[in-house]
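The data blocks that follow each hold one structure.
You will see chain A twice below: alongside chain B first, and alongside chain C after that.
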Partner chain A sequence: MYRFLTSNICAPSIWSRRINFPVVVPSSSFHEIRKNGYEDKNRKKVSPRQAIRDGLKELKKEIKNWTEEVKEGCTLDPIMGMPLPGEVDMQWCFNESIDFDHWVVTSDSDHNEGYSTSTLSVSPTGKGLFSGNLSTQLVRDGKVKKAGYCNFKSIRPQKSFKRDSFHNWSGYTHLVMRVRGDGRSYMITLGTAGYFDVNWNDQFHFALYTRGGPHWQISKIPFSKFYMTSRGRIQDMQEPMPLNRITSFGITASDKNNGPFRLEIDYVGLELDPSHKETSAYEQYKVPYFYAGY
Partner chain B sequence: MEDNGVCPDAETDAMVLNIFGRHGFPTKKLRRMTYWMPKFKNLSPWALPEKIPTSNLEVAKLAVQRMGSVDPATEMEIFQTSELRDAIDDTWIVSGQSATQRELLAKLQEKKTVFVEGAFPIWLRRTSINYFILRSDPEPLSEEDQKQRAQFDYDDVSQLRSWILGQENLTRKDIIIEPSVHEQEDGTILAVAVTGTCSKDSLLSWIRFLEKKNPNLANLSILFATNSPLGEVIPAIESSVPVNTVKKITDTSDL
Partner chain C sequence: MWFSPSLILMLISIMSSVFLILSSPSLFISWLGLELNTLAFLPLMLVKKTSMSSEGSVKYFLTQTLASILIIISIVMFFLDLNNVGNSLLLVGLSIKLGAAPFHSWILSVAETLNWPVLFILLTVQKINPLFMLWNFSSYWGNVFDVIIIMSLVVGSLMGLIQTSTRLLMTFSSISHMGWLLISVSFDLWMGVLYFFIYMVVLLPVIMIFNIFNISYINEFFLMNFSLSKQILLFLSILSLGGLPPFLGFLPKWLILQVVVSMGWYFFSLIMILASLFTLFFYLRMTFTAFILGGSSLFETKIFYSLGNLNLFMLSLSILGLPLFLFV
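What follows is the complex of A and B.
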């Protein structure tokens, strides 16, 4: 029912102007592709023998990681109660030593759906820099109706043996970022992929407004203000963000302005503000059954 | 409607309800828009008027106001280069400087270099305009401070002091003036300006106007930098022939 609704209703998505393509991928197998229709056609086919050999090469490293985890589990003190109020706990610090393997940068030109370009690099002042050129020019292939987005996001954290894990941000109330933008509005995307396939694309979005100018700004955004979307389509039933199951953090530039954009980021951190009691900023109304997207 | 930022009203809702019916996608879509759009409409901390003016001077005023909002003591001034005797361009200059920045300028030592850097773009909804800054290099930390910052360990518990035994805390007791918001790690921002023609001559005129309220500026050496740690620079126009106003509005529709 959820899939039916999302594929047939043109639910308004105020912030995301992604391209429409079929939600249900026609395939002969029952296996759902996590990459949502963007299949890598040029992927090299690896023979089973080679795949086993490649896997065994990783075994040593994974066993080492696993022993580290076991040791940590035995020795690490659990965080009792809540984090220190008023203190910003840094999650990602962008400086000269950015590990670019941990960040995925995409734009609509990756799959020939537009002409925007973007890069994540180190700025001249030694901070992270997300910059590029946004273009709303359409590709003339008859399928693309809207264009113009650039995005970078963190990869999903993994435990040993490539097991998918989460960021656990429970106890915090605010997301704190020190950025220097160019006056454009960006969108912060927090992925909270769930276990079931209908929840694989759950995300929480909010806008990052930048002042522009030569001064740095500190944006402190409460988690209660983030609204839930699925693949960018805003959902009718809103709920507070599951802070213990965050899979990714990303920033998108898609404000329909043709031209270069530039966002310098110093750090992304979390804060607990005990005076903030709101859980979700979006009040819910009673609607008839099967109206609202579930 | 949603592409152009038009919020639905009661009349549109009644029209759509009568045409398409209560249980149809258009009504549902419109009611979703009525719910969500007002929530996002006025979220930006730096409010802009509903219609951004088309004249460059008005856009420049908005830009300088926006950039100066970081310090409540910022004053915006508009100069005309025709007031100066040996200015080649005849243009307006919108300059923003606060009392704190003036004090910082006054404290700079003689012969210290300040840089005029630019032009950087700032976007105001759909329009972008270029601005210049006056920046001085950051104050280097003292040796002691540098060492302390490099070696500081938050989890170090080897030097805990106990008040029971009468030991005093190791924290420093000297009082320092809190650094202002303009003193950043990549430089101290001393002033911000937008000129009608983004030319070097207009920047020279700007410096001369600034000297009226910042007499210390005459003792400093001013460099017009072509690259800046603050980012990619759109170089100022060099020619001495007055150029038409450089307009950079990217989209004709204004939101």
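What follows is the complex of A and C.
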């Protein structure tokens, strides 16, 4: 009865609003609908028996991960994990032993929405290399109005039993990156998906300006300078970044200049600078009482 | 919204809900007071309009509503003469309202999203109503109540050992204190009132100082630029919160422990003493971290704050107030 109502009565109103995901989630679904991104059309349908068999194969590994987590929780002294002022704690080090399974590289050509291409590989100097070709040429399908982006981002950290977790960067004030670019501007994106679906697409952005040339540069960007967006739209009400709930780190090349791009990355790290007291660089004025929305 | 008419209305509503429950003739009116309390507290959580505070307020609302539903169902059970079921549901509902273990997960995720003054209200004023209702029904519960007390003591003390966020540390210490409060309430109301007021008096100056200097993590203590002699007062007050003699925080624990041992509840007293040792350890760790990391001056501090008179008075009361036992 419920399925009949949702599929036949609610569905037409969903189509008229051009929403591609089911607004009324079927009660039999276990996985939550992501509400963003593209649908995987090549996804194979697995029978429940096969799904149970696949899950049992991973059970031993997940139990081992869980016991390690419990041991770490009991033996770890949290004081040792606290950031010390002036030190750069490396989060990701790009070298010849990069695990490419931890990074997702996308561009607009993946879903036939453009002609840009990008790869994440190891550079001749043994560092990480994000390179490709940016093209703002539109695909002639009548739907695409803008094109030209390439992105790579980290996958969301997970605890045992596939539970989503966060990067806890609390206590740090700056993001430090040692890069060697080609003079182009890139966009650093920090995902901060919240608990409720309204906040699943919240991200914080800031530009990474590169010099080009043979010398490496160390970019030290305070977290207070990052501005909040949701689904790509800059929000009116800005807020400090929730550093204890970072879900992903990514870099995007989309500066509307056609041609090849090349960004070498040595490491991405975090630093605590005690003299930096700013929490958010935006929207610092105070509005009088009873202003709408504030 | 700070100090706006709306805020004053909410604070008056919270106080009204406390008086409503203290003077209520029936369980239904008490439930009304609990609902008013939840309703009035939500705008306080949303003073700072960030996504984190919105998330915390929705989580708070959902858990409190669930607890209220359980209380209403328990009222219906009492009406239908099913007293055992009603008592169990009432106990679970009130424990959720209090944030007592094993129903404490919501208070941790909500506490991280709050600013310090609102967190202080959540950890103190919001506990008055459920505690008073628990005292009214304390003679009807048996082993389940004991399990909740023991779990609160153990969870509050052990889980606080792996925290570095000061908000979570205060919340876990509140859960541990909740265990002590529940024991005191099951003996005598005045013992619970005394414990509660001493807990408020000792906690308030600590939270006021954390608010002034915006301390969120224990490695930020060296950023507090006020005179070292007064910083020592702050850390002695934190140790008083941990129940270390000869400070004021030791007095209520001493009284409750004396009653528990005289009643012959040796297992309880053992758990209480062990739990208080663990809580004292993480308070000591806060103190040591501050003094070890604050030894070197990393930058020149040209601005030197001085604590207000109220802060100093409350700090000195929490450190020197133990002779109050003469009046108990």
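Everything that follows uses one rule, which is that the second predicted complex is superposed on the first by the 246 of 294 C-alpha atoms of A that agree within 3 Å, B and C clash if a C-alpha of one lies under 4 Å from a C-alpha of the other, contacts with A are read in each partner's own complex, and residues count from 1 in each chain.
Please note the rule applied: contacts are C-beta pairs under 8 Å (C-beta built on N, C-alpha and C of every residue); 3 or more make two chains touch, one makes a residue touch a chain.
On a predicted model such as this, the values are computed, not experimentally measured, just so you know.
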Looking at the overlay, does A:Ser170 come into contact with chain B only (first), chain C only (second), both, or neither? second
Just to be sure I read the superposition right, which of the two partners does A:Glu239 touch: chain B = first, chain C = second, or both, or neither? second
Let me test your reading of the model: by the given contact rule, A:Leu138 touches which partner, first (chain B), second (chain C), both or neither? neither
Quick check on the superposed pair: does A:Phe196 touch chain B, chain C, both, or neither? Answer first, second, both or neither. second
Identify the partner contact of A:Tyr209: answer first if only chain B is touched, second if only chain C is, both if each is, neither if none is. first
What is the contact status of A:Asn257 with respect to chain B (first) and chain C (second): first, second, both, or neither? first
What residues on chain A touch chain C, complex-wise? 73, 76, 78-79, 81-86, 170-171, 194-196, 199, 202, 237, 239-240, 242, 244, 272, 274-275, 289, 294
Footprint of chain B on chain A - complex, ascending: 9-12, 14-15, 123-125, 182-185, 207, 209, 211-217, 234, 236, 257-260, 262, 264, 281-282, 291
Contact residues on chain C for chain A in the complex? 1, 4-6, 49-52, 55, 58-59, 109, 112, 162-165, 216-220, 222-223, 285, 289, 298-299
Chain A-facing residues of chain B, complex: 2, 25, 28-29, 32-33, 36-37, 39-40, 43-46, 63, 66-67, 69-70, 120-124, 126, 128, 131, 133, 135, 181-182, 184-186, 189, 192, 228-232, 250-251
